[in-house]
Amino acid sequence: MLEAENLECIRGERRLFHGVGFRLEAGELLFLQGRNGAGKTSLLRMLCGLSLPESGEIRWKGEPIRKLSDDFRSDLCYLGHLNAIKEELTPLENLLSSARLAGETLSDDDALDALEQVGLLGREDLACRYLSQGQKRRVALARLVPERRPLWILDEPFVALDVNAVAWLAGLIGAHLQRGGLAVMTTHQPVDIPAGQIRELRLGA
Amino acid sequence: MYWNSFSDFLAMGGYGFYVWGSFGVTALVMVLEPLLITRRRRATESRLTRQIRAEARQEHA
Amino acid sequence: MSMINWFKFSAPSTFYPLAGRLIPVFWALFAILALAGLWVGFFVAPTDFQQGEGYRIIFIHVGASWMSMFTYLVMAFWAGMGLAFNTRLSGMMASALAPTGALFAFISLWTGALWGKPMWGAWWVWDARLTSELILLFLYIGFIALTHAIDDTRRADKAGAILALVGVVNVPIIYFSVKWWNTLHQGASVSLTKAPAMASIMLWGMLLCALAMWMYSLAVALMRVRVIILERERHTDWVKELLAKRSQ
Amino acid sequence: MLQIVSYTIARDLRLALRRPADLVSVLFFFIIVASLFPLGVGPEADLLRQLAPGVLWVGALLATMLSLPRLFADDHRDGTLEQLALSPNPLGLMVLGKVIAHWLVSGLPLALLAPVLGLQFDLPADALWVLTFSILLGTPALSGIGAIGAGLTLGLRGGGVLLSLLVLPLYIPVLIFGAGAVDATVSGLGPGAHLSLLAALTIGGVAFAPWAAAAALKIALE
């Protein structure tokens, strides 16, 4: 269960938002809306514990995340604007490496299965720098397939995806919610998630 | 008292250049530094006052 | 003062007027101590049989060296406080002290050179203390360069804090290694540490000059920190009121 | 605990070997710097022999510093650094892994190359051995301290120059004891004391620097 209480963020000398709070239960998805520059990404990074809020507090399972640190991060999966893949490594190596660095164990065929779901089977041994931008994005999303950690924080996951990729990802998030997972997400185009409770939070109204 | 005249004091037993070079530069630094800070303070104050006045005008407009 | 209200002064808005009242006090103390120090240095301390009048440079050379070292330690203290308690004022104090510390390091090198020239015939002497002073100046310049290279003031303070703490751990190591290097290569023949026999009156002269420099650095640092507070807190209401009052 | 460090080392080594250009540029920089000096000061053997420890050590030091910005910059640019910071494993351990990987790709080859360059400076055999060993022993500290500088200047414009300004003063003790060890051998004093102090600096550097670098990274990622 993720809880946030009157969060305030100051970027440079400007105050982006203040008094932001919400509660998110298992199986719920929080849609974060707001125009560009309203601080959506800053709020997401705060929820991950990457940056400190000016004031206010974030609690995961009732405990403030600053105190939890390692345990909180073992429940968290963050997907930012950047793909977080190494251009020199192949998609397969990237998946295995990001799982290993996140302290998860991932077998080869699970990784191959994930690559197959994103339609990259056959290219798993090609260095990522030869892939197109869309394919690289799919390698980044393939990380979510075997992902079993309860809290997903996704920063505009649907950007640069074609129609069936959007549907596939929506289904993936729905399955995650059904498993009792939580998700906080920002997105520009409207997407319907097949399962789970949808909540909305508007920033800088 | 070791100096019988002011010029003797300036000569500083032949080391005048070095002694007054040291004390002079130290004094110079101790005068310039506060001056620079005051100049920076005045510049900041006027810049901020202009900004506040501009913001105030924007709110009314 | 108990810990709680000590924190009251750690808020920029309450610290600003306090600093304003303290600055003239420190300037006054500086004036008194400086006059006393110069009086002892020039009119009370005897002529040195070996170095004649030239040794009087020692009064400000040693004072400046002490102050450059002491200011770096104070900077590292404020840096540590800033990282530990996340108070904004500590970072501002560290940034306010750095230029003054750097200037003291420069003065120490300058007076060291002007003292070395008549005594040992060379502007620059690879003496252990002078070399360490030069490296300390590099550390100051590194701190100032880093804090100015980062736009976001919060990140600048924290990055500067880490550099200051890493630096303060390394200063003794650097001094020890330079001293080892100096005695190894040159033997202790040429070294500023062998100042003339310290008559107690000379010690008094040096102490007074050092205290005067301390008061000076406090006054100047507080002046600079007030400007930094204005620059960084410009969006707060108390700064706007202050400026509104000031511009009438 | 050791597992995550060894895995990070393996990952970084694989990345470095996939792009050998960086490794080669570090080595060639060292060769060129070392070869410039005889052209500058003249070919007299005894003068070169006297200069050799300082020149070779400064060359190795600058070569190590050359490859420091890439320690975190690539991971920062493609977003993997964020994932490292968000991993349940302590960031300090992963930075330790990266520092060791950086040493394997810079310090180690430089040490193996140094005796060859030492021949250019007509160093006697025992001095060549001590030179190699002192560079081998000292460069991990350079990588460790350099990681702090790389973390502090991450993402800053003009970061490379600023990095060297921050890091060079901290490199001086390593340089003094490293070059001093070779000099002591040439002058017959024996490098024992220098090498033990160098080892102390390296142990201190590799033990503490990664945690300070991790703190610097966390600040840079805010």
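The first chain written gets the first letter, and so on, giving A, B, C and D; residue counts start at 1 in each chain.
We adopt the following convention: a contact is a pair of C-beta atoms (placed from the backbone, for glycine too) under 8 Å apart; a residue touches a chain by one contact, two chains touch by 3 or more.
This is a predicted model, so every value here is computed, not measured.
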Distance-maximising chain from subunit A - centres being C-alpha averages: B
For subunit B paired with subunit D, centre-to-centre distance based on mean C-alpha positions, whole Å: 43
Distance between the centres, which are taken as Cα means, of subunit B and subunit A, whole angstrom: 55
Centre-of-Cα separation between subunit C and subunit B, whole angstrom: 16
Whole-Å separation of chain centres (CA-atom averages), subunit C against subunit D: 32
Two or more partner chains touched - positions in subunit C: 234
Per-residue multi-chain contacts in subunit D, two or more chains: 222
Residues of subunit A engaged with two or more neighbouring chains: 52
Every chain pair in contact, whichever chains are involved: A-C, A-D, B-C, C-D
List of subunit D residues in touch with subunit C within their complex: 145, 148, 152-153, 156-159, 162, 165-166, 168-170, 172-173, 176-177, 180, 197, 201, 208, 212, 215-216, 219-220, 222
Subunit D-facing residues of subunit C, complex: 135, 138-139, 141-142, 145-146, 149-150, 154-155, 158-159, 162-163, 165-167, 169-170, 173-174, 176-178, 180-181, 184
Complex contacts: residues of subunit D adjacent to subunit A: 4, 7-8, 11, 14-15, 18-19, 74, 77-80, 82-90, 94, 221-222
Residues of subunit B touching subunit C in the complex: 1-3, 9, 12-15, 18-19, 21-23, 25-26, 29-30, 33-34, 37-38, 40-41, 44-45, 48-49, 51-52
Subunit D contact footprint on subunit A (complex, rising order): 45, 48-52, 70-71, 73-74, 76, 78, 80-89, 93, 97-98, 100-103, 127
